[in-house]
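Next come two complexes, and both contain chain A; in the first it sits with chain B, in the second with chain C.
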Partner chain A sequence: MPILGADMQAGTLVEWHKQPGDVVHRGDIIADVETDKAVVEVEVFMDGVIEELLVKPGQQVPVGTPLAIIREEGKLTGPPTQSAPQHAAPQATSAVSPSMAAQPHRRREPSAGIGQRVSPAARRLANELGVDIANLVGTGPEGRIQLEDVRKASTATPAAPPPDRAVRMRQAIAAAMTRSSRDIPHFHLQQTIDMSRALAWLGAENERRPVADRLLYGVLLIKATAVALNDVPELNAVWAEDHVALNPEVHVGVAIALRGGGLVAPALHNANKRSLSELMRDLRDLVQRARAGSLRASEMSDPTITVTNLGELGAEAAFGIIFPPQVALVGFGRINERPWVADGQVVVRPILVATLSADHRVADGHRGSVFLAAIDRILQEPHRL
Partner chain B sequence: MMRMTYREALRRALREILEREPRAFLMGEDIGRYGGSFAVTHGLLEEFGPERVRDTPLSESTFVGAGIGAALAGMRPIVEVMTINFSLLALDQVVNNAASIRYMSGGQFDIPLVVRMASGGGRQMAAQHAHSLEGWYAHIPGIRVLAPATVADARGMMLAAVREHDPVFIFEHALLYPLEEEIDEDGGPADIDHAAVRRAGEDVTLVTYGGSLGKVMNAADELAAMGYAAEVIDLRTLRPLDMSTILASVAKTHRAVIVDEGWRTGSLAAEISAQVMEQGFDTLDWPVERVCSAEVPMPYAKHLEDAALPQTATIVETVERIFASNG
Partner chain C sequence: MKQTEIRDNVLRILGNIAPEVDLSTVDPDANIREQLDIDSMDLLNFVVAIDHELRVPIPEIDYRRLTTLNGCVDYLSARLAS
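What follows is the complex of A and B.
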């Protein structure tokens, strides 16, 4: 069960897209998983053959629980032995938790105890009843958890009816934001940006594009943010206990409000390297899927920085709370026409307030200022995006 | 219904076969004039004559081979090999001919051969007359292996065996011959494809066959008095194994103990354990347990022989140990 959000503890398997015996390739969608926030698609990060599905649809399991066993073709089991290798199966099986393989810097201990003894029947019953084996004490030999232990646990704590989706999403946001506010020393900077050049360029650009390919200015803001990280890479990082660990790639999480309330911030991958057209297409797709509840696991877990754009109906400025384990969040308010001084004249200009919420453990006000200034500078040269 | 012994039931079945089936004949050591070492064939020579009840020399390889030849030629030979230890002399005929000829001839030949013999310990017959080697026979593809544990099965399995087109080996536990039970004396051939649930229960599955069935049923009684409901499965047919009956039971009880008078290593009990693990892993709440014979030649001394064989007490202790873990 991949970690699809910093405070995710468990997920529910909704549906398998592959069956035992199916060949899978890196990037294939093998399952849908429901988290507190969304139904997301789980990708596989290896090539192989599905050996066994370990979790049934409807089961909720802790983060880190293997969902399936994938057999990698062409690997030997175990270390080479001194004799009779002709009978060794030329294959290796491994239990794979996809996001953990892909996200080493976010790896967490799975909640189920390693080396815990559980009888096969008890393990199955626990899954069926939704009993968390990690919390049980076995009464069998050497603490083995047996059927009776699971039965007792399930009757002792009748499973509470699952709260509805909106409630769970609120709880997930509450947990993440509380942790962030408690653990991350935030500081906020704001920069007022003249958007006249960017909007003029965008208007002209859209004139020559077919309607379906037209760009929204929000894409310029996302790309500008991603590119500005070249100047201040420490804002695209994690705080790893006692040092800054830079992320080699820029995946911009885009805050998307959901119709039923709440929000998700899935990733636009490699936003600094992709064209505006590509980003626009991906953003449309992302928004559509976020609202349909079909995001992929990697999209939920990959963002390295978040952009929240309040848009045309929003307030003037957004001072956000960072989404852990990221260290920065960039907020963009509504573009308003405002008096602006240019060349000694007061003129009317479309004005945007950009804000930075940053983790003071990794960056200081000066570097934050450099970052916001870079965004401003980039937006003054929109043709270069 | 009629009360009779296991021995009588076998004799009645043989008589019925000889009366009804002109191609059938009996062959073996001391089965005619002496009436059989276990008196199964007693009186049949007088009744059917020396053409149909034939005494043979002490040469197991020869008369098992002769049985195979007769079966190939269209007869219905029923060969008695006194005891299982002696049958090892005929293993070449069993493996290389009886079990293989249909295969090697591309299916051209039926081998409707029945071979029966006594097996098992408990009568102080010591290390050359008392082993349980049925598991070895159950290893051989191409033959069917039966182990009647009840009087009804002794009769019904014999009637069924003689109708088969491939070799059938029947292992009669030597302690069972005097066993007396009520049976339907007009009952036809028995089902020889399935195991039988001899006692239903929810808590633990006891799998056994042949001479151990009585011990296991006694153990189930004792366990019931302790509050544990044991389900008892009599394998009946050792090859091919009816795993579905076993797996269905284990799926219900989550625990299995296999009682097998064979030596533990490489035993039929080992095979069943492996298959339960392979096909019923998720149903198990406890490792499959085995109660087998000690890995020694069968002792002569009574107390040592008792200690070497599975006993009711060891079966009960094994089950108690399983339940002790959960209080």
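What follows is the complex of A and C.
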């Protein structure tokens, strides 16, 4: 059972796509598994023959449990052993059995038929109401399935059992945050940042962009955080029992609040190397899919640091709890106009409070301060982002 | 386009963004972002949809005029008439 995030403790095998005796090739999808947050496909990374299926559909098993035995050509591959302690998972994907990994997959219940066009809102509503989109005929342009189609189907469909995903997600978050708070010695720092340069640059930049290509200031914060890790790489790391193990890549987990409650923090991969336009496009896609319940396995398991941005309607500052096995979380509050001293004068400036929650086993207040100062410095030169 | 049509379009687009909300309960004079829990990404998606469907590109400086449902309708009416 692959691990798809630190808060995942078990998964349920939904369906096998292969049977004993079937030949499989690298990349084949052999099963679907369900976590508290999504259904994902399990892919094999070897050629061979299915020797035995070890888990039955509907069975819930802990992370790391072998699901099947695959016989490679000319030899028998025994049940894969767990390669990392459950939940510690400094490299989450390595905890997946050696022969398997999870593969991106949309939630299965409301699966659209081949060629069906479905609006995101209709898909989301179908998720909530338990309506199988594959059985619907769209009445929108070019047969697109719209909200009304889902609503009609839901009234014609016998009432489904109440969804418990929100409850399970809250339980998963509770377990992960409790463990983090218990096991990680947190320390917190904050820095006030004058955002006038960044916002002025952003305003001018957005003025010349088509509406659909505009940037949100949150993207600047994500990029600034990712780039600032060049100065303090130990905050992009894991604590490996007795030493710091740096992550070679920067995958920023972005905290996304879900409508109806709950929170996910999927990864924007290689955020330090992506342009602002690329990050913005990916973030829009990520938010849309997060709220539709269709995140990819790698997005759920790969974050190396988390950013939470409370946005325009949020509080002034966020002091978060680290998502293990990460060692740092950066919080950004609402931007407020505040008195600010510049060149000996009191002026009004848009002020942002940036906070750092960090693991004291890997860093200290001095290094944390260097990191927040780097974010501040980078945001004063937004054109370089 | 009549104001009622504009209102219907705005509500339809908002319904796609916040499908869980009963739009019949929206107070047209109250802050729509607070009522519908619309964040900055939702607002951008709303503006993009207005641009795409009604052909009205809204500059960022005018976002403050979209605070309420009635404000949206008045703003779009003026833009479509000009």
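Just so it is clear, the second predicted complex is superposed on the first by the 239 of 385 C-alpha atoms of A that agree within 3 Å, B and C clash if a C-alpha of one lies under 4 Å from a C-alpha of the other, contacts with A are read in each partner's own complex, and residues count from 1 in each chain.
Going forward, contacts are C-beta pairs under 8 Å (C-beta built on N, C-alpha and C of every residue); 3 or more make two chains touch, one makes a residue touch a chain.
Remember, it's a predicted structure, so these values are computed and weren't measured experimentally.
Undergrad: Identify the partner contact of A:356: answer first if only chain B is touched, second if only chain C is, both if each is, neither if none is.
TA: neither
Undergrad: With the two complexes superposed on chain A, say which partner A:4 touches: chain B (first), chain C (second), both, or neither.
TA: neither
Undergrad: Quick one: classify A:189 as touching chain B (first), chain C (second), both or neither.
TA: neither
Undergrad: Is A:226 in contact with chain B, with chain C, with both, or with neither (first, second, both, neither)?
TA: neither
Undergrad: Between chain B (first) and chain C (second), which, if any, makes contact with A:139: first, second, both or neither?
TA: In the superposition, A:139 touches chain B alone.
Undergrad: Once the shared chain is lined up, is A:206 touching chain B (first), chain C (second), both, or neither of them?
TA: second
Undergrad: Touch test for A:148: chain B only (first), chain C only (second), both, or neither?
TA: Touch partner of A:148: chain B, not chain C.
Undergrad: Give the label of whichever partner, chain B or chain C, reaches more residues of chain A.
TA: Larger number of chain A residues touched: C.
Undergrad: Which parts of chain A are in contact with chain B and also with chain C?
TA: Shared contact residues on chain A: 119-121, 124, 147.
Undergrad: Okay, in this complex, where on chain A does chain C touch?
TA: Touch residues, chain A against chain C: 119-121, 124-125, 128, 147, 203, 206-207, 210-212, 214, 216-218, 257, 259-260, 283-284, 287, 311-313.
Undergrad: For the complex, which residues does chain B have touching chain A?
TA: Residue positions touching the partner: 254, 281-286, 325-327.
Undergrad: Once bound in the complex, which stretches of chain A touch chain B?
TA: Where chain A meets chain B, its residues are 119-124, 139-141, 144, 146-149.
Undergrad: What part of chain C is in contact with chain A in the complex they form?
TA: Answer in residue numbers: 15-20, 33-34, 37, 39-41, 44-45, 47-48, 51-52, 57-60.
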